[in-house]
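Would you mind keeping the following structure in view while I ask a few things?
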């Protein structure tokens, strides 16, 4: 549906570096990256709002690289909603219909149906200033959908919302996508949003793509150390592989499943897969390391420890019980353990 | 150390309503409330920056109600640090010393000691624009402490920091307080910050105090439904008490420990103390309710469910296993259980 | 501090108040019935209004361009727009006359078109447009800047072309700024004198008439005209302030 | 859009360029050696600089007061500050003369102090201060507003009184705005003509001299003086732009 080929853009202090992306018809695609990674720039390229140095943008088989935004049949939804403040909710939703050959009466009927489906029916005569955050968000969605676009572009659709609304709106967004059949391209810095909403996705950093795959695969098998820490595998160690053993953080481990062929690479673990305990706590098939507690944090109502093992720091989960009853504290010597199947391996160069 | 008596202020759209507060010498006191609760106004009253309609402010036994800010010996630390951008770190820290009779040479020595203790020694000639968020925060703390104030006022000291630095700075703040012996008054909207840092605290809402106690007591025994939900006991139900039983959410429970004397009030539970399961899952002494799942959320890597029990909604924790293996979903009938000692009771009127 | 602040306000207010109260009611009435005075005030107002209208038509595209584009040399262009504020007023008159004098090709061209600048309404409007333009362009520009670009982007993505976007989104959201800009342009135009006296002593606009009364008959006979002009300026002021820009309408 | 925007820029630039290129080098050189011209330009610059200095001294407290306080009627006070921009220039002259004419108590008082306004340097500075003050006050005010109040609060809480806070925090952080305000005030003062010609035809400031040359000898002989004035104004302009305000120094 959307095919981006070798997008290149040189800006002062930033380069978008030969980005290739392929998004299938009807899918929900998440482009993930931190602030300044260039993800919004890619979105604006698809919308026709950012001037390319080279590369082509195809939508639905049409080469739209040279077309202005209004000829692309894409609808944009910004994080701050960008509702038109001088128009009512209904007028906002009906704004684009006339440019897509939808007659006024039919347009109004369709717009009302959309507002109904999104629970906004009784707000149709309100001005945006009098809407709550979630209502604004849903109005912006309705406006984008009302002109039956081929592609809906979402710029951080959930990050301006309070946590208690996020869950609700994720659900709404997913529902809308399933009902409408349009192709959704969302950029986000939040991996959880991508996990819940998207089928496939890509990770971008400093203007270069790091990985493009199904979201589940990105989550389970990140391709680079950056992607690994982005999806929550924040313990990343340089590792050496040799004769069926893997060495990192001053320990060498044997009997690990699925060892790679390369000799130098990175091994990574999610903090919630590493448990702090004493040697007797772990099942026999787990792998253990010795270290000392460097820091102990209570985040909300759980505890995490930073443990130093031969010059490498790692973050691990701590049982409440360990802290309160066994008196774990800073500088306590501890054993940390992990199950072999949780260890993920990445090659040195991608 | 600080005694606020009947502080009253009428502003357009907001009233600070006869606030009484007593903060002991050397303690770390947290004034907690949401945005717009008036907590920062109370702070500015202590600093002498907000004009009172009536009430008195005493610091260290002196009535300072009529004194200008510069005569109160309090130091203010704002959330955005408000470092002086044209001065270096060292100049910032030494700024107030001359007004407190500290000679220049001794002042410089003391300032350097403070910077050393806060790990800022090698940054003393930097301008604030070239500091990271955490460094700015620590510089602001050093500046406040360098003129040896009686009271340090902290306005949301941690909320502008990235989560990964928060833990570190909490630790630093606690250390500083223990080392300096000054009285700290912090306002915060984050109960976790208050839990970790403060000994005693108060909860304010709409310009009125709701509770003033040790932080542990506020956490364990919130006095009002508002305080209850503020400290994370978000399941609050109107309850009736009668002959040793307690009825709420369409169920009546017997054999609860520590039932109150009043007949009508509120019962509250933390979401993490309510578990979703089937009747066989719970220990015999637990109390159970029947309901249907209204919503199921994956927040990060845990699951929470909203369960409807006879017209009341409650939030409960769900085992991963329940969702993935037993196929829990929307509208599933479920049993939720809680231990009697986790149920908290509040009277109707305070 | 308050004393010094008050002094400045008095320094501005007292001369104006003195002038307003100087003429007797009788003389003021007489002046109000003086056909020359009324004609000149009317001429001042109509030419200023025309200048403001022209500033709107020609200045809006420039304001939009400056608000929405960053380019090397933007500061130079912005300086050029501000220049008429700083050029001594008689120099403005000299400059416009230099350009349109019949021995220049442009002046010749104008003459062949039947356009005369010296001593005509056309000339007056030209001068007033020249001195008033920066006020309009700067105010309109800041109005356009206050509208998030993202709103225009959304409008484009929904199918509206750039012209439709301007008329359906940009204009409805910043017409107030544009109106304020036009009022400021008009007020500045009404106050102009130094350039007008060089380009078009006749037909007499109000400030020129007052100057003539002053040189011919002295202070007392110029004061009633001054009163009328101050009152007209004040009316513009009230108009301007009643339009005061809402700070965050675009949110 | 670009065409219309370009037209406006040409409308401003061409008359000035024409004037700059009109006089031959010979006449220009002659004018540069004319003692009257040099004296008048010097007088213009010194009186304008004095007006800017006075604006700084008396206007800064007002600017601070307006930047840091909200009170009912603030808009009225702000309007009053802006008023000199909008009052027709000869009216400003008439108003100042009305106040200081010897048959008013204030004029009598001034006379007894040995101060004369009409036809003196003092009068010129008064007029220039009157017309330039709004430019200084508004720029200084926006500079002070750009400094977070919280910084001043912190300074007070650390023991510095309000005066010490102003000199150690506020002034070092917004001196640039104040300097820009002074330059704008001075540039506006240099361009004044309509009020000066009423209050003080003599001693002749540069715009008055040019006007005299124009009425006595015609366009050609006034152009060289215009060139000098345009160049002086441009120099101010470059100065102003090279000071261009950094947007977020206060962060």
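In order of appearance the chains are A, B, C and D, and numbering begins at 1 in each one.
Going forward, a contact is a pair of C-beta atoms (placed from the backbone, for glycine too) under 8 Å apart; a residue touches a chain by one contact, two chains touch by 3 or more.
It should be emphasised that the depicted structure is a prediction, and the values quoted were computed from it without experimental measurement.
The chains that touch both chain B and chain D are none; no such chain exists. Centroids built from CA atoms put chain C at 56 Å from chain B. Averaged C-alpha coordinates give centres for chain C and chain D that are 18 Å from one another. Work out the mean CA point of chain A and of chain B, and you get 31 Å between them. Across the assembly, chain B contributes no residue in contact with two or more other chains.
Residues of chain C in contact with at least two other chains: none.
Taken pairwise by the contact criterion, the protein chains form one closed cycle in which every chain touches exactly two others. By the definition of touch given earlier, these chain pairs are in contact: A-B, A-C, B-D, C-D.
For chain A in complex with chain B, the touching residues are 167-168, 171, 192, 195-196, 232, 272, 295, 297-301. If you check the complex, the residues on chain D that touch chain B are 148, 150-151, 153-162, 164, 168-169, 172-173, 249-251. Per the touch definition, chain B reaches chain D in the complex via residues 44, 47-49, 68-70, 72-78, 80, 82, 84-86, 95-96, 98-100, 129, 143-144, 147, 153. Only residues 1-2, 4-5, 7-9, 11-16, 18-19, 22, 58-59, 61-62, 64-66, 75, 77, 79-92, 94-99, 101, 104, 106, 129-130, 133, 137, 187-188, 190-194, 197-198, 206-207, 210-211, 214, 219, 222-223, 226, 229-230, 233, 236-237, 240-241, 244 of chain C touch chain D when the two sit together in their complex.
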